[in-house]
Amino acid sequence: MISTIIIILGIIMIVAGIIAVHLKNLLAAIIVSGAISLLASIIYLILGSPDVAMTEASIGAGLTTIVFLFALNKARKEDKND
Amino acid sequence: MPLLGSIITLIGSIFLFLGALGIFRMPDVYNRMQAGTKATTLGTILFLLGISFGHAECGCLGKIVILILFVIFTNPVSSNALARAAHFAGIKLTKRSVKDDLGNDNLENKGGEK
Amino acid sequence: MDSLIYNIAAIIAVISIVLTFVRMILGPTVADRIVALDGMTIIAISLIVYIAYFSNRIIYLDVAIVYALMSFIGVIAVARYLERGI
Amino acid sequence: MIKKIFVALAIFGLFSIFLPIMINFDFHQNLSELSTQYVKGSVEDLNSQNVVTSVIVTYRGLDTLGEVTVLFLATAGIGFLLKKRKGKKRVASELLQTSSSFLSVVIIMFGIFIFSHGHLTPGGGFQGGVMIASAFLLLMLSDVNLELNHTILQFIESLSGAFYVVVGLIGLVLTIGFLNSKIIPLGEYGNLFSAGAIPLIYSFVGLKVGSELTNILDAMGGD
Amino acid sequence: MIFALILGFALLLIGIYGMLSQRNLIKIVISFSIADTGTHIIIVAIGYLRGRTAPILDKAIDIANATHKVVDPIPSALVLTAIVIGLAVTALMLSFIIELYKKKKSLSIDDYQELKW
Amino acid sequence: MSKIKSTLIGIVLLFTIWILLAGNSQQELLFGGITVILLTLLFQKKFLVLEDIKLNPKSISYMVIFFFVFLWELFKANIDVAKRVISPKLPINPGIVKVKTKLKSPLGRAFLANSITLTPGTLTVEMKDEYFYIHWIDVKVDDIEGATKSIVSNFEKYLEVIFG
């Protein structure tokens, strides 16, 4: 049962990784890589380390995505100013 | 008691599945959001309640209640923010739509920069 | 009997995650993808609670709360980026 | 073209290195000697339920001090690189403004819960600090005119860092070792006020990480 | 858990492939964070022991017999701090990218070849 | 006066959440109490939205009724979504309509918007002064009054008593 979950989630993560590397749209690539981190935290939970799962859910999925968004936003604003 | 809990959980998971199917099948962003928000909210509530019914002996209803309240309050807020952002970013409604009062009133030009 | 039904429910939840994921990779616009991500995280919360009870550790519920919170803030951030608000 | 062949060769080479590692990897059946010591010591010696917390805070406490310093240096670098500028933004929706004002306080309280219960439940200073930073992020997202008070932020950051080192030095003065958590009575196993100085140290780490990450987000997101 | 090990190695390879083949600077950082996640999954999967549970010794497990019930705590402790440092490093890389973008208005790595040898 | 009321309501709410999270042993109550009081003193401005809650017997009884009405509407909404999603032709007729509300207080408007989002076929898109813009999956009436009557009025009569 648990190994079924881990196999399906693993396949999703690998497909998401390949797609995130190849997407042309940067914002979409950031969203897909955020999804990888969110699913990775379920994998950590199954592997018996809830501390790491919590860290990954809060940092890998939340803050890393947001830091990427801020960087894109700065680039967008530079474009507009001149 | 465990049987009742498991059946509630099953109903919840069916609602979750319907929400996912709605996200998959609907024609545009706003309709997807409609299906997604409502079905996943009730589905999550039923799923969590069913599981905690089935394992009543552990005495951890408090965190489940927190989780349910949290989902009820945050899910509509995030879908509202997303719908507004999608409309202001210029994503069109599907061709089957009949009217668009927000587009007609043209709030976009007042709020932010162009 | 009841554990079998719980397992079926978990399998249905995993299938729902796969469906939302397909919408995420197909989605023509960015807003479609982020709607799919929103749905996916809410289904994943249910899955985490299932894993917590399945492995008999109720302390895993803290992880579910943190997960719900961070996915909410992530969705809000992408929405504000789309409407040029940050 | 040559580049593509080179990339394919590199990936294939790495794959052929990893494959035998993966196939021949045999998982352990028991804990290693060091881990056994840690698990036993955490129950008998430190009264802390969460073994990961006792490894991070006590057994490898000096490493954690280093990590926090690295985080501080990265924050300083980012603040040095990015200068603030003013720009126009769209106002957030009314629903988001109303709901974020109460929700952010709840999130901060949840962060405090996480880092003060680091020895009882999963989580600890790093996760609690991230929670606090994300509460300020929610305020930043919902209010376009928000001005964070940098004096208070830097005060909290430097004060908690200083107390972290002072708690370590008290152990040195009492001659039981740097960052030893037995400077405070151990208390009863499983209570909130137990495990010696572990909750205290983790609270300082949480406050420090929270204020540092808030600084990073403010430097990157602020206009 | 052999599946988790395979997953970790696959994500690591995908990340390295992305870093080598993509030309966009932000894409390279995204690939870096994917490779990061893969490495963390590998380290946690090495510490897993079959049929055991998390190293938090509350009422749910028998404390006297704890060393036969829990997984290895050391990889968790290593990965936990590594994730936090990974965030700081990512933020630092992105702020360098922003500074580069201010100079030349381009995100492509082909435009920054002054120091190429 | 309103500041004191909102702070007190905030303390009660936060302390309830703390007890639900941490349990009710003596040490938890002590630490939680200190934390909650410090937080409310630090973030007093954030609690000002709470001052609109009315505390008299009528409004409290309306709160309970509103809760059950809300649950029933949520259930109906899901049956509605299920019917639409399963049927192969996707019977939708969507559009964004404009409705009018009488509520003034921010918290009441927030609750109204959330309730609209979670009930059959409607999703709040934007709130501007006294008008709400609502995405309706099956547009039946065309004018503002008709849409207001069929979407908003059901909740408004309870929320008006609770929040004023």
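Read from first to last, the chains carry the letters A, B, C, D, E and F; within each, the first residue is number 1.
One rule holds in what follows: contacts are C-beta pairs under 8 Å (C-beta built on N, C-alpha and C of every residue); 3 or more make two chains touch, one makes a residue touch a chain.
Computed from a prediction, not measured in an experiment: that's the story for all the values here.
**Q** Can you list every chain in contact with both subunit A and subunit D?
**A** Correct list: C, E.
**Q** What's the overlap between the neighbours of subunit E and those of subunit F?
**A** D
**Q** Expressed in steps between touching chains, what is the minimal separation of subunit A and subunit F?
**A** 2
**Q** Check B-F against B-C and say which one is joined by more contacting C-beta pairs.
**A** The greater number of contacts lies at B-C.
**Q** Of all chains present, which has the mean Cα position farthest from that of subunit D?
**A** It is F.
**Q** So how far apart, in whole Å, are subunit C and subunit E when each is placed at the average of its C-alpha atoms?
**A** About 21 Å separates the centre of subunit C from that of subunit E.
**Q** Between subunit B and subunit D, what's the gap in Å when you average each chain's C-alpha atoms?
**A** Roughly 31 Å separates the two chain centres.
**Q** How many angstrom between the C-alpha centroids of subunit E and subunit D?
**A** 16
**Q** Please tell me the distance, in whole Å, between the geometric centres of subunit D and subunit F computed from their C-alpha atoms.
**A** 34
**Q** Counting only residues that touch at least two other chains, what does the list for subunit B look like?
**A** Residues 19, 21, 33, 41, 43, 63, 66, 73-75, 77, 79-81, 84, 88, 112-113.
**Q** Two or more other chains in contact with one residue: find those residues in subunit F.
**A** Within subunit F, the residues that touch at least two other chains are 17, 21, 113-114, 124, 126.
**Q** In subunit C, which residues are in touch with two or more of the other chains?
**A** 10, 17, 34, 57-60, 62-63, 65-66, 69-70, 73, 76-78, 80, 83-86, in rising order.
**Q** Kindly provide every pair of chains that touch.
**A** Pairwise, the chains that meet the contact rule are A-C, A-D, A-E, B-C, B-D, B-F, C-D, C-E, D-E, D-F.
**Q** Which bits of subunit E are touching subunit A when the two form their complex?
**A** For subunit E paired with subunit A, touching residues are 1, 3-4, 6-7, 10-11, 14-15, 17-18, 21-22, 24, 26-27, 29-31, 33-34, 37, 40-41, 44-45, 47-48, 52-56, 70-71, 75-76, 79-80, 83-84, 86-87, 90-91, 94-95, 97-98, 101-102, 105, 107.
**Q** Report the residues of subunit A in contact with subunit E in the complex, numbered from low to high.
**A** Subunit A reaches subunit E through residues 3, 6-7, 10, 13-14, 17-18, 20-21, 26, 29-30, 33, 36-37, 40, 43-44, 46-52, 55-56, 59-60, 63-64, 67-68, 70-72, 74-75, 78-79.
**Q** Along subunit F, where are the residues that touch subunit D in the complex?
**A** 10, 14, 17-18, 21-22, 25, 27-28, 31, 35-36, 39-40, 43, 46-50, 106-107, 109-110, 113-114, 124, 126-127
**Q** Quick check on the complex: what are the subunit C residues that touch subunit E?
**A** That would be residues 55-60 of subunit C.
**Q** Help me check something: in the complex, which residues belonging to subunit D touch subunit A?
**A** Touching subunit A from subunit D are residues 50, 52-53, 82, 87, 114, 122-124, 126-127, 130-131, 133-134, 137, 213, 216-217, 220-221.
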